[in-house]
Structures are given as C-alpha cells and as structure tokens.
Amino acid sequence: MTQQKQIDGKQVAEHNDRDKGVWIVVHGHVYDVTDFLDEHPGGAEIILRYAGMDATEEYEPIHPPDAIKDNLDPSKHIGQLIPNSLPKPQAASPAPPPASISVPQKTTSATGEPVAEEYVKPPLEEILSLHDFEAVARRTMSRRGWNYYSSGADDEITMRENHNAYHRLWFRPRILRNVGVVDFSTEILGYKSSMPVYITATALGKLGHPEGEVCLTRAAAEHNIIQMIPTLASCSFDEMVDAASPGQIQFMQLYVNSDRSRTNKIILHAKERGVKALFITVDAPQLGRREKDMRTKFEGTASAQQATGKDNFRRDQGAARAISSFIDPSLNWTDLGELMEAAKGMKVILKGVQCWEDAVRAAEAGCDGVVLSNHGGRQLDFAPSPLAILPSVVSALQSRGFMSRHPSQPKFEIFVDGGVRRATDVLKAVALGATAVGIGRPMIYAMSTYGQEGVSKALQILKDEFEMNMRLLGAPTMADVVPSMVDTSALHAPSGEVTMYDENCESAI
Amino acid sequence: MTQQKQIDGKQVAEHNDRDKGVWIVVHGHVYDVTDFLDEHPGGAEIILRYAGMDATEEYEPIHPPDAIKDNLDPSKHIGQLIPNSLPKPQAASPAPPPASISVPQKTTSATGEPVAEEYVKPPLEEILSLHDFEAVARRTMSRRGWNYYSSGADDEITMRENHNAYHRLWFRPRILRNVGVVDFSTEILGYKSSMPVYITATALGKLGHPEGEVCLTRAAAEHNIIQMIPTLASCSFDEMVDAASPGQIQFMQLYVNSDRSRTNKIILHAKERGVKALFITVDAPQLGRREKDMRTKFEGTASAQQATGKDNFRRDQGAARAISSFIDPSLNWTDLGELMEAAKGMKVILKGVQCWEDAVRAAEAGCDGVVLSNHGGRQLDFAPSPLAILPSVVSALQSRGFMSRHPSQPKFEIFVDGGVRRATDVLKAVALGATAVGIGRPMIYAMSTYGQEGVSKALQILKDEFEMNMRLLGAPTMADVVPSMVDTSALHAPSGEVTMYDENCESAI
Amino acid sequence: MTQQKQIDGKQVAEHNDRDKGVWIVVHGHVYDVTDFLDEHPGGAEIILRYAGMDATEEYEPIHPPDAIKDNLDPSKHIGQLIPNSLPKPQAASPAPPPASISVPQKTTSATGEPVAEEYVKPPLEEILSLHDFEAVARRTMSRRGWNYYSSGADDEITMRENHNAYHRLWFRPRILRNVGVVDFSTEILGYKSSMPVYITATALGKLGHPEGEVCLTRAAAEHNIIQMIPTLASCSFDEMVDAASPGQIQFMQLYVNSDRSRTNKIILHAKERGVKALFITVDAPQLGRREKDMRTKFEGTASAQQATGKDNFRRDQGAARAISSFIDPSLNWTDLGELMEAAKGMKVILKGVQCWEDAVRAAEAGCDGVVLSNHGGRQLDFAPSPLAILPSVVSALQSRGFMSRHPSQPKFEIFVDGGVRRATDVLKAVALGATAVGIGRPMIYAMSTYGQEGVSKALQILKDEFEMNMRLLGAPTMADVVPSMVDTSALHAPSGEVTMYDENCESAI
Amino acid sequence: MTQQKQIDGKQVAEHNDRDKGVWIVVHGHVYDVTDFLDEHPGGAEIILRYAGMDATEEYEPIHPPDAIKDNLDPSKHIGQLIPNSLPKPQAASPAPPPASISVPQKTTSATGEPVAEEYVKPPLEEILSLHDFEAVARRTMSRRGWNYYSSGADDEITMRENHNAYHRLWFRPRILRNVGVVDFSTEILGYKSSMPVYITATALGKLGHPEGEVCLTRAAAEHNIIQMIPTLASCSFDEMVDAASPGQIQFMQLYVNSDRSRTNKIILHAKERGVKALFITVDAPQLGRREKDMRTKFEGTASAQQATGKDNFRRDQGAARAISSFIDPSLNWTDLGELMEAAKGMKVILKGVQCWEDAVRAAEAGCDGVVLSNHGGRQLDFAPSPLAILPSVVSALQSRGFMSRHPSQPKFEIFVDGGVRRATDVLKAVALGATAVGIGRPMIYAMSTYGQEGVSKALQILKDEFEMNMRLLGAPTMADVVPSMVDTSALHAPSGEVTMYDENCESAI
C-alpha cells in the first residue's frame, strides 16, 4: 500500500451529514461513505450515527477485517487519520433515561440465588455440560453479544421448541450387549468425523471473543470435527481456512447475493481453498426479527446521540438487521442449477429445509443432502422443530429411493440443527435417520466464555456423553443406533409456551 | 338551541333521591332523570349515586356526546347550571378502607423487575410488537380503563385460550420461492384492504384516550385498513364517519335493540353515511360478567358514598354492565329477514358464530359471512377459540358449496377475531380459510398509550411482520397462504389453565 | 332432668388415667368415659388428652349436642361440675417448639400481594364468585377449620383434578335463539329445585360457623334448593329438620353403622321427619388420610401436653380421623336390600360410585340413582373425577335402558359432586347427562365467612351465572342443555400435577 | 493379626507422590497404594489427594470396612501409624473462592417459607408420608450425601418421569365390597412378604447414617419385608447378613466384575450365607453422569489442595464415579449361562430391563424374572419410566406364555422400581402385572434422618396406606388388584420438563 495522505480529525468531523458528505474512521483510516450509505447492508442509519467520527469500535466485531476495503471503491479511501486529532464528543448532561422495554441482565444465578455483584467466572474444570457454558455466557458476555446470540424470532416459541422437541422422545435402551468398546465416529458426506456432530455456521463471532471464529476452527481440529464456515463471520474466510490444520475438513455456509457474480466468486474461492461442501441457506430470504437483539440498540446510545444532536435515524435494528442485505430474496429453484454448476466438485446441501416436500425436491434436483433447520429459531416463529419433522422427511425420501442404510449405495444425507445440548439429543436424531447434527449456539457460548479451550472442552464433554450414552443404550457403534431405539409416540405435542402473552396477563383476582 | 333557564346548584342538590326527584348535571346542563332511572341501560344505581350532583366525569367516557339528549324527552332538560353554584360534597373522614378483593396494578415491569415509582413511558420508536403496547398500557392506563379492556368473563379461560390456540399451530414453510416482492393486500367483502386485518369494534374508547375512536378511524385511513364502527363507542357514529378520509371503507357493528324502529333507524343512517357492511353481534344477548372490571367499582367510591350517605345501590357492576340494556335477548333467526331487508345494499355478517352448524345456517339464510368470535373472551367462559373451530366451519361450508377458492364464484366469507397479536397469527387463520381477522384490544392499547400515532405504528408493525413472515413462509401473495402451510395436529388441546382455583390451593406440605 | 349431683373439680382432676378412671367435663356436666374409651369413634387418645379436664372446647364443634348423652349409659353421667372448681392447668415454660412440617397460613393475598397484618374481611357485596368465598375463608377461618375442609387425600391430586376436569371441556354455544326468558329450574328425584344444584353433605359445620349446618338449611330455603343432611353434622339431625321452612325438601346422607339397628333407627327417624331421599355413602369404608388436616394436631398442643405430663397418645390424627369409626367397612351389595327395605318410601341413591360397572349394578339393584363422587378428593387419591367418567356411565346406562330423556319414562338419575365452582361447571355436567350437581366446600366457605347470608349470596351468584350462561349458550331451559353443546375431545388428559414431589426436587444446576 | 510395625507420620508424609511412592493412612494403618493407584475403581486422583495423609474420613462412608485389605496385597500393609505423629496440614490463607456452578442447600422449607437458621428436625411422629422423610433429609443430610442420593443423570428428566408416570394413571375403584379385613401380603419369588414391596439395593449407606445398610436389614425384619443387599454397600456383605433375623429373607444385587472368578466367589458366598435370589444389574455397564453429585467435589476442597500444593488431579467426579470400575461393560447375553450356573439354587433376575424385547429374551434364557428399572434415573437420561413400559412387557410375556395369573403355574415375575412414594403407586404397578416394587431412595432418606426407627416408620406408613387404599379400591386382597382397576389412557404423555434449558432462557421482553 502506498504512502497515504494524512487527514486531520477536524476535517473528518466536518463531514457529518449527507449534504457535507459522510466520512468515518475505521482502524485509523478515513473513508468517504456518502455514496455507500444506501448500499450498506445494515442500513444508512447506523453509519450516519458515526458520521464524522471514529466507528472502529462499532465496526470491529461485526465485519470481517477487509469488508470496508472490499466494498468501497479505492477512490473513497481518503487517507490516514492524524492520531488524536478528532475532536472529543461533547459530554452530554446525564439525564435520567426514559423507561425502556429492554432486556435486563438476570440478577439471579443458575440456581435462582441472587448473584453476588462480583461474579467470578468458574474455572473451566467445573463446567460439566453444554448448559453450563450458556449459564456462564449469560453472566459474562457483553449484553450486545448475549442478545445477538441468544435471541430468537418474535416470541421465541420456535427457538424453545427446538430443544423441547428432544424432550418428547424417550429411548428404548437394550441390555447385555458388549459395550466394552464404543465407537461414535461416523462419516459426514464421505468425510470422517469423530462423532456425528459438526460446528454449524454462526455469525459475528467477535461479539463473543476477540479472536472470533478461528477459535472454532482450531478446536474442531483438536477433535477431528468438521466446521462449517459462515458467510457472515467476523473473521474473514481466508483467516478461517488459514487457521485449519493440515487435512482438516471444512464446509462453507452460503448466503446467495443478488449479484451472482459475487456469489460465484465466493464459491470458486472456497473450492480453491479446499472447502468440501457448500451449504446454501434457504430459510433466510430476509433476516428475522429478533426483538431482544433489536432492543439492544436502545441501550447506551444516549450519549452518542446527545453529542451529535442527531436523532433522525431509526434505532430499532439490532445486530441481526445490520448484516442482512447481502441476501437475495428472489432466489428460487430455477437458480439452483447455476449454483450447483459453480460448486461442481463440492457437495451441495440445502440448509433450512422445513418440510418433506422440499427435501424430496432437493433430492430430485441432485443435491447431496439437506439440513432440516429453522435457523435456530431466529427466522420464522412457529416454524416446526427439525426433530419433529425428521420422521416424515426420512419416510418420504426412503419411499422414493433416495435414502438407504446400505453402505454401498449412494446416499442422500439429512442433517438437523437447533436446540441440541446433549449427546442424547444427537443420538435421538441419528436413530431417526439423520447423519449428523449441527451445533451452533453452545459452541459460541463456549468460545465466548473460555475461548478455544472452552470449545475444545465442549467437544470433549460431548464425547464423554457419547461414550456413556451409547454404552447405556446398548449401541457400540453408530450403526447400532436404530429407529427402534426411540419412542416417538409423544413427539407431536402442542407448545404450551405463551411467554409474552402471559407477561401481559393478570388473573382476575 | 334557545336561551336556557339558569339553574342554581343548591336547587339541583335538593333533587337527590326518587322521592324528591333526581337531577343530575352533565356538561353544565341540568337533567331530570327521575323517570329514566329504570330505563337506564346501566341500571338506576349508578345514576342515583350522582343524584343532585355533577355526573360529567362519570358520563363522559362511556357515552357518546348526545346520548343523554337522544334518550331524554326535551321536557326533562331543566336548564343550564349557574357555574360553581353546586355545593361542595362534604369531605369524609379518611377512614381506612376494608380489605378489597381487587386487582392491584402490577408493580413489576414486563421483565419482572420491580417498577420504579416514576414510570416513564418509553418513546414510540422502542415499541417493537403489539405485546409492547399492552405492556405499556398496563402501566399507564387508568385502572378503570385497563380493567374494562383487559378483563374477560369469569376465570378468563376463553380469553387466554383465544391466543393460546394460535400457539398450537405450527407452520410448514416452503423454500426457494421468489419472494423478492411480497404482497399482503387482500379483498374483504369485495373491498380492498392493505392486509388481511381490520380494526374490530370495541366499546368506550374514551376510557383509553380523550379523543376516542376517531383515532382508530384516522390511523385506519393512513394504512388502508377497514374500521368496524362499534355501536357502543364513546364517539358518536357521525363523528367516526366524519373523521374518515374520502373513499375510506367503514363497516358497522350492531347490537339489535328491543325497539326495532330504533335499530332500523340506525341501519338506515349507516347506509346513508356510506357504511358498506353490517356486522350483527349474535354472541351477546346479555353482556358478560367480567369480574376484574366489576371490581373496579369498589375502588375509590368510598368518598362519594360517605358524602351522600347513600349506600343502598348495588355497586357490583363495572363499566361493562353499565352499557348492556340496549340489547334484545329475544333476537332469533326469525328476526334476521327484517334486519337484512333494512340493510339491503350493505353486506350482512353475523358476528359471534361459535359452531359450524350456525355458520351453515347463516349461509343458508343468505348472509354474506360470519365472524367466528367469542367476543374476545368477554361473554361465555369456555366458549371455544375461533381458531380451534375454524377448520370444522370451513369444511362444513365447503362441503355444502358455500365456499370456494375460485375467485369468480360467489363466496361466503369467514372472519375470526380474538387473541391475535402477530402477523403469524393472521397467516394461520388465513391459511385455514379465513378472509381476514379482526383486531381489537391491541388497537385500543396502542390508542390508549400513544393515540393515533400509536395505532398507526401498530398497523405498521403488522405490515413489517407480514412482509417478513410471508417471505419466510414462501408465500409471495395471500393466495399462496394455503392449508398445507399449517400443521393442525395439535390444535385440540386441553386448556391446562386453572388460574383462580390455583390461587386458592395450598399444597399439602 | 332430675336434680344432679354437684361434683368438685378436684375430684374430676383425680380421674385422669385408665387406672384411676377417666372423667371429663362437657358443658358443665361430668362424665365417666373409662369404659367408652375404646369405643370412641375418634379413638381413645383424644379423650385421654382431656382426662380429668374440661373437654367442652374440643367437643363442641365436632359433635352434635346430644352425642355424649346418646352414647353413654346414664349411669356414667356423674353429675354437675361446681363452677370454677377445676384446678388450673400449670403454665408450661414457653420452650421453642421443634420444626414442624406443618401448613402455614398463607401470607399472601389472592392477588399475590403480601397480606397486611390487619386483614379486614371485605363486605359481602364485593364477593363476586364462589372462588372469592374460598379466598376469604383461607384468610379468616381457624386453621383447624380451614385444614379440615380444604384438605384432600394424600397428595391432593384427585381433589384438584375434580375441578381441573371441568377446564378440559369446551362449550359449543348456539346463537339467535330466543333467550329473553331463561328458566334454570329443574326436578331432582321428582322434587322441584330452582336450579340443578343441591347442597351436598359436609361434616363438622361448627368448625366454620358457631351455628353450624342450620345456616345451610335456612339459605337453601331462601333459594328453593335442596339440602342433603350429613350424618356427621355438628348440628343434630333434628336441629336441621326443625330449621327447615314448611315444604322445604331435604335429603339425607348416611354412613352405615356396623350396628344395623342403629342405622335402621336413623333411617326410620329420617322418614318420619319427612326426608325424601337417602344417599348411602359407598366411597368411605374407612375415612381417608388427609395429611394437611392431620398436621393440624401437631400445632398448639404443646401446652396441654406439658401441663398433664402425658404424651403417650398418638397425635397424628386430624379432625377427619376423629369421626371415622361409625362406618362399617364390610358393607356390600348383599346388604343393600335390607337398607332399601328400611328406606321404603324414600328414594335411595348410592353416593360415591366411581365406574360405570357399579352404576349399572346400582340400577339393576333398584336404586333410584347414583352420585358419581370421590368424596371431594378426600378418600382415594387418583380416583377419577366424576366429570371424566360421566360420559361412560351415561352411555352404559342408556344402552341398558335405565336412562331416557323422555319425561314420561321412569328415570335413573345421575348426580355428580366435587370441584364445582361455576354455573358453567354445572351446565357441562347437565349437558353430559347429570340431573344436578352437589356443591359442598363452597357452601361451607360461604357459611364460614358470612354465615347464612353468605350461603344465600353464594346461591344467588350461581343463579346470576346460570341466567347469563344459559343466555350465552342459547339454551332457554335445562332441556335445551344437550350433549352437542359440549366438546369432550380433551376430557381425558393426564394430571400433570406432581405437587409434593416437586417440592422435594432440585434442578441439577 | 500379628504385631505390626510402628510408623512415624513424618515418614508417611514423605510418600506423597508417584515418584516417592504413595502412602495413605486408614483407620490407623499405613498402606502403600502406589501400584494400586491405576486399579482403584474410583480413579487415581482421589487417592493422590490424600497421598502422605490420613484418608480415613474420605474412605469410611464409601467403602466396606475390609475393602482396602481385600484389595491390597498384604505386602503393601506397611504398619501402624504412631498416634498423632502426622504433620498438620498447613492452614491455607482463606482466599475467596471463585463462583461455583454448585448446588446450594435450599433455604426455603417444604412450605416455601424461609428456613430459620436453627432448623430442628421434627419428631418422628410428625412424619406422615415418604415425602416427608425426603423433605427432612434435604435439610439435614450432609451435602455430599444428599447430592449423591438425590442426583440423577444429565438433566434428571428420567428421574422425575419415574414418579410423574404414576401421576398419569387413574384408578377405577369398586364399591360395596366387603373390605372389613384387607390383606396386602404377597409372595415374591416364592417367599412371603407382608406387602408387595422390597427394599432395593442402594449404594454407600454410610453417607446417610453412620451404621449404614444394617439399619435397613433390621427394619426389614421388623416388617417382614425383603431386603436386596447391594454390591456397593458401605457395610460389608457379611455385616448385612449377620444383621438379619432368623428366617429373614434377603436377596442380593450384583455388579458383574470383569474378573469373573471374583464374581463367582461373591455368588457362591451369597448362596452359602442363604441369599435367596440374585438380581444381576444390566443397566449399568458404566455408572451414569450425575452432575449434581459431580459438583459436590468442587466444594470444600480448596484447603486440602492448597495445603498440598497439588492440583493436578481431575476433580469432576462425584461419589458415583468413585465406585464404578468394578463393572464389566462387555457383559452380554452369552455370559448369562455361566452366571446362572454359578447361582444355581438361587433365583436369577435381570435388573434394569427397559423394553419388552429384552424381557422376553430374559424369560427365554431361563431367568426367573426381570426388574423394569432405569436405575432410579441415574444412568441414561430419557430412559422410559418402568411404569410406562410395564403394560407392553406384560402383554408380550403373556402372549408368549411366560406369565399367568393362575397360581399353580410357573410364573415369570416382573418387578419395577423408581419413583415409588405411595402405596397407590405400588397398587398401580401391581394392577398392571408387577409382583412387587422396589423402593430405594425413600428408605435411604428415612434411614439418613431417623436411622432404623425411621425406616421402620416408613414401612409402617406404607402399610397404613395399603390398608386404607385397598379398602377404598374395593380390593380385599392382592389378587383383587386387577388390570381393570386402572385407567391407562393417559399413560404415554410427553415429559414437558425442560428444567436446565429453562434456566438459561430469558423471555424476549
């Protein structure tokens, strides 16, 4: 990079609205984003809020490092900020804020005890289950990060149902089988995995940990687990591939851009870098409303607003809305051929299938598999849980000859994600016909609380649980985890969850 | 109006019981209501309480402005009160009141946090869902208004079930459909609506906002939504029609009076003023017991009672009972022909149908549609939720040829109301065969908290939700919202709600 | 009664154990109960506790006035106590009692608010539902009385299920029927009743109100309701008959004594006094364990025990166990003929039938009806709710020709009791085939809180609810309350109630 | 035993790691456990923690007295410790511990009242049900003991379901049967029992009471109840047999060791000592993860760790993991013949069968019965409750001729255990076909709170409940407790329990 122009902060500060032009500072560089405002995936408002100011702190956790360079024409790179030259924002008088319908941090511990003010994170050795990471994350993550990860669409019924559905399946364990040695390794799309689990794609990892998604990459390597690289990671794609160990298998999740050349470029680059399978997200033509996340924006924004005197932007968009515009809502079955052509050599899987009809259509279209998923309950509230629809999907595919348990035959593979917290959850899905399950939030919580070491511990916990539970099920290998080992008679139950409405409900007396 | 007689307050004060005659003051005018006492829809007691006194504050929010003039013979209009001439009620000694089985204002916020004493209403931009309006309304409305709107019959089981039923339906979303553009407009009884939603009739709007129902009229115009004008509005019928924009569609809800000439007059007037459809309420031959509302009357009444020394009136009637006598409990199928004749030129719909047999009979009788409704859970407790009976109603009508999805054919239309809080709720009802849904309480809560602007925001929220959810469902138009998009297998579930009884229950240990 | 011997209290005090003989004082009379100890229905222990002492306070609420005279040979009537001659029990040092697994009075109000120390009973006009009486009773009754009435067997699952079952039935209301006049009167076993409700037998009324069951008698007369006289009343049978108005209908509940001559005497006496029907209790060969009631005995007993130095009696028996031995556990079908013979001229009904097989057998044996009842959940925990078995009972009787809706035909009648709190509950039972329902606890709570006036108000509330709900159901008379007006599809649900176990349960985290 | 060498504590203290050798002191004797470290069933870590120290306090409650002698070669018995010669551990500075995801003692009483600091155990006479013992145990046991006994696998769903399942069965009681005398005695595998209940095997009794399992033995004798001797008792096998009364029947539970000669020795010894039946545990090829128990280890360990400076051992194993390695995970059906051969003369039952297929296989293999059990919910979470599978097991065995109610025919017997708290629970299982039920935790809680007297009281409570409930059921003998007395229609319900996940859940508002 050539010697850059030195820019005084006072000059930056003058470019603070559309008329005068909008400049912002990121990592010491000054950019003119006036023309980019209306193209910004996250909307113009969030940029206008930092017009004439340093936006680094806001930019950092939700963009890959080179996002601004890749998206702005080089002519818009104004130069380098002279250090400490930006005028300080005027301190606003500390007026009491109006009441906010916001999400408070819980002030009770996992056990219902009031949390002492000086919460100290427990040592990693005390973490016994994936639930524990979540309990610690809730207490230690930034509110913004916690709200982004933990939120679901609307009233969060689907988000809860994803886990609840597992609670409606009972096992039918077998006894007196030789379980001296149990082997829970499997193959996922032809690639070895130490267990029927992969780390699924989740966005904005740096909201949880400063190193971001590479923590997941490295922990996956430790445990011979496959990582699915997310389109919307905080780390760049190449950082995640570079972080992989030799021979480590990586898949990639793809949001299809309205500009297909951009998408094709991404696919080809992924193929070159050795990514083995492409998971095309089909449940998110628009990113969901996650109200808990949206409320985040109303907190702690007073000072910036007061300092600049601007309040004409909409603040009702959380981290989720800030990253949503890369997605083409017109994507449909007729586009699939082109994408598969571009991905030739990689497996192609549709991620976000939610009924058997679409699973069958995917198989007919030549895909290698589907992920039954509702995007972790973050998109359409009252979408069904993947587990609840799994039996009908398996049945429809088997009756049409797309699935077979015979190892020599070509096999259409089914994955599920959402709500998995225990090896028993995974075993239920596998018994019903899934190849493997994707785990998202628990890995992010492990990463956000203990970094790579946390993720590694989370995977080790799952392995311990697999060993235990396969012994107790009487299933020495994954091939022994068969449909007759689960009782699905109570699978289709009503939700019973009426969370928000109850909140507004008073009893008559 | 001619010059009126000036009346001294001392004279008014002397007419304070049946023997001496009962005079009251409303808006500065003195009325002799002695003969009217036993005709008063709300009962004699409530008037007697203000005998010889100024009743304006009590009268205002629950009567249209001209109600007293329309109902009293001109001879009973005594004259104008000389300002400030009424004797002051004697201050009663502030004795501690007895324990009351009353409904306290919740002292916890929506999040369970204790509410700070100085509750400040959040800015409108922070309102993200229809639930939010309700949460704010609960904290900011007058107790009388909140209790009137939020109460349901008996143990409020049906009121809750109305919403709960939506929680037992899951979607079956479709993927890879072109949802670049989604259009959620529809036709309701042949009239355009920007979404399959109308503002249904609710009474006594001035309990929530001083301007009353015209706020709803104006917000409906902003969003091209149909408003159903209520018989028992606080604003007069003409005020609501006058408030409409040119071309704005309005329907009217009708309670049929025992005096049919009065009803016919109302119908003809409505027709003249351009009302397009008449919704005859058939679920309220008597207005329901709403105990939370009834308890309102026991609060804050001590001083008036003590001042007058009267305590011989029944105080166990809330706002609901005060407006109930306009309704003819003998209304039956044989009366329908006459009403339809009077309404000729308007569509006629029965509002409050609760089983398929009556829906079929309405179709056979030549009605244009029915509203499946239990009056928002305010009438018969344990009436079924509209959603729970919708499939059986549609099936019965279709098998008899009254309903068809073919647009060229005459169509009997089904509406539902009660418990709707989200666009997903609406989409479920439409998928099962409803033309549109009525929304009542949420509009009132939006009006009561933020006026017309609040109602407008509520409608905008619904539009945002429609756009999102139709994309995620894979349904670009309302015609794509079909029965196979919902899973009704868990629709018929027990209530599980035993609210009041639990209150009285102690565990054995 | 002849002039009695005057007895000095010191002499009484010396007869304080089996060896020296046991004397007690009741209402100023001294009795020698040494030989009666082992015949006492409530066990010897409770008498021994008052050996040599005045037992009036304990005796009063749980025995009819003449019980002691009727049961003791005249020779055991020692004489009259010289007033104030009994030695005072020595005051025990107030040692802190050990922890007790006892039932505390709730310190929160019906609304969850902490109860102010100075709880003042609300005026009767504020009572709006039968639930309200219960809420007030819980706060104002003696602990002993509350625990006796409100307790159920074991974990109280059946007691709760009795009411819960009503919550699983939904109505199917009809519209546009002429409900200008509604008539909810009916006939019960051929006798007129102003509504399909009777006051069922409950024991020990003076635990709730000093006048006892005659309050019920008089309130029943006010409302033309039938009262069922209990065997184990605090008032004597004759007091209750004497309290009746001319022409007032009374039934009688009967526990069959091992000594049949005693039972026959009771039956003949009832017949002579004009009782119209005999309800033979068949669900209580032994009175149930009601642990909340049993715990009552552990409270407040320390001083008496310390004063006398006796602690060798079992204290684990509450009010229920104290009255249980009058009942013959060997009573069986072969005894029925003899009882029916004795009752000739009265209707004979079995009270406590719990499955269709026994209802059919009762009809075959010539009974006039059965009460489906589990004794208010006070006997066998997990006995089914009467409502849940009602459809199968009706079906079995109809298919065998024992029941018919045709008024000219002889009719076997079915009653239910337990858990009824609302007219809607009654209407559900009637729709399914019951003639009427018995109401017990709510009447006792009304009596215990407001005496006869409370009971009368409770009955008026039911009438108000009947009028309202029959209008809203579209049923102008009881004959219009038909099976198609209820939806029973969710009637058979699991209980879901695991009250006591949950108490002992901790979550793993 | 010969005169032993006297060992100075300083010498012991020097043997405090693997390099220098590991010595420990137990009951005043010094042992060299260096070579035994990796064979220790509880793992090396727990021993290393006491290297060079006195381990008696840790050793005592979880080992039979002679365990160390039996497992160590005599050459490793170093000698006798000179009293008081061990160096004192250095006091560690009392640093505040980090936050622990641990299980707090509940600070509310059974009634939800805050527990007074000075909790005093109630007198035994106030204990009315088996639940009561548990409530007292929770308040009075050592945390370690409570956590060990009360914990279940993973999220404890199966542990709760074991009891919940009983709550989904309703009775169908019969009336007018002669229940003057009820007899609840039965035969278990041909041996008389005073009721259809036995005390099942539970480990580590001294965690609850210093005398350990002999309390159970003696109380069983008092009540003519059979005790099942556990392999992992704190008392030795011979202590428990010696504690038996003449003629008292005892069974034995067996974990099969990888070293079969050891197992054979145990079987033969049991046979010699008169044990009548062998219950081979088949649901525990590995002992389950009980996280509440595992968390115990993180508490109170700071000082020992700080004193020794060692922290290299894994502390995430509770009492359960400490005793697990005696079990052969490769045990399978082909091993069964050899075990049955060794047990010839005793009945052989498989304990831990969880589906009908394995019950049939056990019958085909010649076993005398099975225990349907999931190990009290301590092994595989989401294993079904024994009650839920009982009907299918009975049906499968009956249709294959293995079971018959005819007394003269050979009979394969079914037992269930887990979740039983009431005689009603037992009666439900017997009605469905079980011979008897095993009760574990409640007996341990009774023992831990009141010793032998407590266990005896617990058994008496069950007898009182049996007498009552059989009367109320209309079943004078166990033969009258038949399938038609229970309604199983709601038996298969979803769990609804999502305990841990809820903990981590926040509502959106």
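Going in written order, the chains are labelled A, B, C and D, and every chain counts its residues from 1.
Operating definition for what follows: a residue touches a chain if its C-beta (ideal position, glycine included) is under 8 Å from a C-beta of that chain, and two chains touch if they have at least 3 such contacts.
Chain-to-protein mapping (UniProt): A, B, C, D = L-lactate dehydrogenase (cytochrome).
Please read all numbers here as calculations on a predicted model, not as lab measurements.
K.L.:
With over half of the numbers shared counting as same, classify the chain C/chain D interface as same or different.
P.N.:
different
K.L.:
From the C-alpha centres, identify the chain that is farthest from chain B.
P.N.:
Comparing chain centres, D lies farthest from chain B.
K.L.:
Taking only the C-alpha atoms, how many degrees of rotation bring chain A onto chain D, rounded to the nearest 5?
P.N.:
A turn of 90 degrees brings the C-alpha atoms of chain A onto chain D.
K.L.:
In whole angstrom, how far does the Cα centroid of chain C sit from the Cα centroid of chain D?
P.N.:
43
K.L.:
For chain B and chain D, what's the span in angstrom between their mean Cα positions?
P.N.:
Once rounded, the distance between the two centres reads 61 Å.
K.L.:
So which stretches of chain A touch two or more other chains?
P.N.:
Residues 101, 103, 110-111, 131-132, 135, 154-155, 291, 493, 496, 500, 503, 507, 509.
K.L.:
Contact residues on chain D for chain C in the complex?
P.N.:
Against chain C, chain D makes touches at 101, 103, 106, 109-111, 113, 116, 119-123, 125-129, 131-132, 134-136, 138, 150-152, 154-156, 160, 163-164, 167-180, 291-292, 421-422, 424, 428, 464-465, 467-469, 471-473, 487, 489-490, 493, 496, 499-500, 503.
K.L.:
Note which residues of chain A are touching chain B in the complex, please.
P.N.:
Touch residues, chain A against chain B: 98-104, 154-155, 157, 282-286, 288-289, 291, 294-295, 298, 314-316, 328-333, 335-336, 350, 352-355, 357-358, 374, 379-384, 388, 492-498, 500-501, 503-509.
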